[in-house]
Amino acid sequence: MSEPRTPRSGGALPGLLKGLATTARTLARPTHTTEYPDAPPHLPPRSRGVIALLEENCTSCMLCARECPDWCIYIDSHKETLPATTPGGRERQRNVLDRFAIDFSLCMYCGICIEVCPFDALHWSPEFEYSELDIRDLLHEKDRLGQWMPTVPPPPALDEHSAEPAEVAAANKPARPARAAGAPPPARAARAERPERPERPARAERPARAERPEGTARPEPPADSVPAEPPTPPSTASESGSAETKSPEPTSGEDQ
Amino acid sequence: MTSSAGQRELTVGMGAGGLATADMVLNIGPQHPATHGVLRLRIVVDGERIVSAEPIVGYMHRGAEKLFEVRDYRQIVVLANRHDWLSAFSNELGVVLGVERMLGMEVPERAVWARTLLAELNRVLNHLMFLGSYPLELGAITPVFYAFREREELQAVMEEASGGRMHYMFNRVGGLKEDLPAGWLERVRYAVRAVRGRLPELESLIVGNEILEARTRGVGVLTAELIGAYGVSGPIARASGVDLDLRRDEPYLAYGELFGPSGPGRVVTRTAGDCLSRLEVLLEQVHVSLDLADACLERLHSLPQGPVNVRLPKVLKVPEGDLYTATENPLGLNGYYLVSRGEKTPWRLKLRSASFNNVAVLAEVLPGNLIADMVAILGSMFFVVGDIDK
Amino acid sequence: MTDVLEVTLRSVSVLAAFLVLPLLVGQAEHKVMAHMQGRLGPMYAGGFHGWAQLVADGVKFVQKEDITPAAADRRVFRFAPAVALVPYLVAMAVIPLSPDLVAADAPASALFVLATTAVGILGTLMAGWASANKYSLLGAMRSAAQLLSYELPLVLAVASVCLAAGSLSLGGIAQAWSPWWLIWQLPGALVFLVAAVAELQRPPFDMPVADAEIVFGAYTEYTGLRFAFFLLAEYAGIVVMSLLFAVLYLGGWQGPFSDQLGWLWTLLKGLVIAVVIIWLRVAWPRLREDQLQHLAWIVLVPLALAQLALTGVWVVVSA
């Protein structure tokens, strides 16, 4: 269809000199790389880095584990009977999550588990620095997965042409602000304006999330948990936390 | 070391036997710098001249087709975008387009244009990779750094929309996973402009370089007959004058309009069929794809408010039947033959990948060339090993 | 006694230059190439812009296992790096930095340098033959073929300069140099530069080590310190060839304040040539072996012969 074109750049210079000229020009310009460990990359909120677990929201429904294309999610739970809250009332049963683990050596980072979770217990976090020297250490148990929660960014505003969210269209619930209403920020500015990623604590001093009984579970905004206690190894902290708040049911032994 | 067909005695490496020469079997790969992975070429050389060549494939066979059969259509997308890891979006597209056609599903217009945009950006990403790696095989070490700078620019916007840098996982049956972020279209426009503006730098190292032309002009000529016989497709076929591009010939997505009479789309062809013309086709396709991306952006700006996906049933079952869906992937024709028995998984999903056919033709082209030319030809076949072995 | 002391001193200083200058060129390559490609290059080793990167590399190479393939011709295999390295050390001894600053003032030093540098190729040949590896063998054969193509133009180009200066000594040539040579000897200088790059097996003539084709040619099987010696030989070769070019074609120490700073001028001119050699690697792809032969016999040899004739005519006419 189209004929071979004359070279676009460099004009009449012979090809060899063009190459020399371009490299010399590049030499005189600032580099386009960043020094990664010193300058952390700016990752968009949708970036699929690691999967965070908001344990309070998990009902052990197993949907994520079943939908996972490579079966890398392990869930153990048991039923627990709660005594009736009012005299003469019925006893209630609930699922208690014993183990929730994702094997990141198998995970294909497709995000289906997060998509299918009906209770928003799983979230993407852009964090990616969790390489290990031993492949077995890539199996993140629920306390480790919980520690990613503070790094989960809020979802980005949507394009102005996007359809109204189903919730807004259905019943203008006051709790849910219309996300699509705001005008989009001008080009490029949005990336800079994006809320700063929460300060990344060193691995050891990440706040260990204590388990709460279901009644008091509240979906807390991701950024609010600041390490209140002196740094403690996560596993012991979660154990002590659960000892205080949980009913003295035989708890799981596998996840420790 | 063996002698070929028992014609001559082997003397190489023994230090004896006078001046008689013998053929030497040389394994290029499965671990070799020029094979981008684990392709293996078993070549017989007389000195440096290749007597015969045989591509040996399968070192990276992952059984993709069999894995498809035990996964539902969303899970298939996860796998399908992985065989050709440089054209993940186009791979996803073939699966969902096939399923949508069998369901008779209408995809919202914004999704169609957004998909077209992302597919073209993916094509640019793919081509930039080869525009960097091919000169690298010819000994030019710098183009790959310039190409990756542009790739980074585009990957940033791809990641912002889809969350992934290679395996986008952004297609769903019926549209896209979620809507585009606010201000994203502007940033894509900026990225496309930046890439187009800096392409001349990359071109200045490739286009018109006398050494590169000496290495590629007239080397590894593929005739149109060979193209037809081996089912070679994509930029390689078009470089030999085979004017075939599914985007124009069997339009899907919004290509019918883009490649229409007034659209910016045009099919890039060359006639020489040598390594140089294959490189030229790739380079020019980048320009065409950037133009197409601009047209898509224009359209996405003017489209009315609307969804980018349709609500799916809880369990998605494809009605009984079969359908072949082919798309014009960056590397060539990529087809999925979907046979459904009304289950939520396909009964069979045959994958026709571009690189497999494109590499098969090597056995015809390589004999008679030098080892140095072998690398030039191999690189100009623009293959991805995962796409060969599936 | 003083003789012994002087010889020792001269040897040690040549050895020091031999160890330091290639590292300087190597570091320059790291940084110049990186910035030409829009990168920063090494930034951490040593603290300031990675100045100690090559020292760190050396330490790493020392620690690595020294492997000799089972099928290799052991003695030849282990001896080859020395054969590649030592000729450049010897050549460096006779290159003058200034009229007084030369380790060994040989009377026909130009000839001596050409003779010694040509020995270095033997190291590559030995390495390729002894490695018992097909890629190594191909690489060795390619460097042997390459030898044929650059050696003659190189000698002819140097012969022209010697004729112009009426001297076979490098010191004498630099002394006789005048700026007019920049034009008069230009074709010869270009031939010399091309042939030098070919001798060094640097891009665009790095076919003997073409990584995309024959892995790393003759050096494929080498590890650790022996591999480092080959790399050192390559960079020492750049130093020798650059200084040689500076002395032959750019007047060596001639320049302002040449009485005090003559050695600096030679080094600076050499560094510029070294950067040019690096620059070619950054900007260009590599040729094919037969294309180099073509270039050598069709372009370089006739050009060098024409230069020789031109020089001869001018010398006779102006005498």
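Note that the chains take the letters A, B and C in the order they are written out, and that residue 1 is the start of every chain.
Note that a contact is a pair of C-beta atoms (placed from the backbone, for glycine too) under 8 Å apart; a residue touches a chain by one contact, two chains touch by 3 or more.
For each chain, UniProt lists the protein as follows: A = NADH-quinone oxidoreductase subunit I; B = NADH-quinone oxidoreductase subunit D; C = NADH-quinone oxidoreductase subunit H.
Nothing here was measured: the structure is a model prediction, and the numbers come from that model.
When C-beta pairs in contact are tallied for every pair of chains, the largest tally goes to A-B. Farthest from chain B in terms of Cα centroid separation is C. When every chain is reduced to the mean of its C-alpha atoms, the one closest to the centre of the whole protein set is B. Centre-to-centre separation of chain A and chain B, using mean CA positions: 31 Å.
Averaged C-alpha coordinates give centres for chain A and chain C that are 55 Å from one another. The distance from the centre of chain B to the centre of chain C, each centre being the mean of the chain's C-alpha atoms, comes to 42 Å. For chain A, residues touching at least two other chains, in rising order: 16, 19, 22-23, 26, 32. In chain B, the positions touching at least two other chains are 140, 142, 146, 149, 205, 209, 211-212. Annotation for chain C: residues 36-39, 282-284 touch two or more other chains. Partner chain A is touched in their complex by these residues of chain B: 71, 74-75, 77-79, 82, 110, 140, 142, 146, 149, 152, 156, 159-164, 167, 169, 177-187, 189-190, 199-201, 203-205, 207-213, 243, 266-270, 277, 280, 284, 300, 303-308. Chain contact summary for the complex, chain C toward chain A: residues 32, 34-40, 43, 279-280, 282-284.
The touching residues of chain C, when paired with chain B in their complex, are 33, 36-39, 132, 134-135, 137-138, 141-142, 203-204, 206-207, 210-215, 281-291.
Against chain C, the residues of chain B that register as touching in their complex are 1, 12-13, 24, 26, 32-34, 47-48, 135-142, 145-146, 149, 205, 209, 211-212, 214-215, 370-375, 379.
Residues 1-2, 4-5, 7-10, 14-16, 18-19, 21-23, 25-26, 32, 43-44, 46-48, 67, 69, 108-112, 115, 124, 156-164, 182-191 of chain A touch chain B in their complex.
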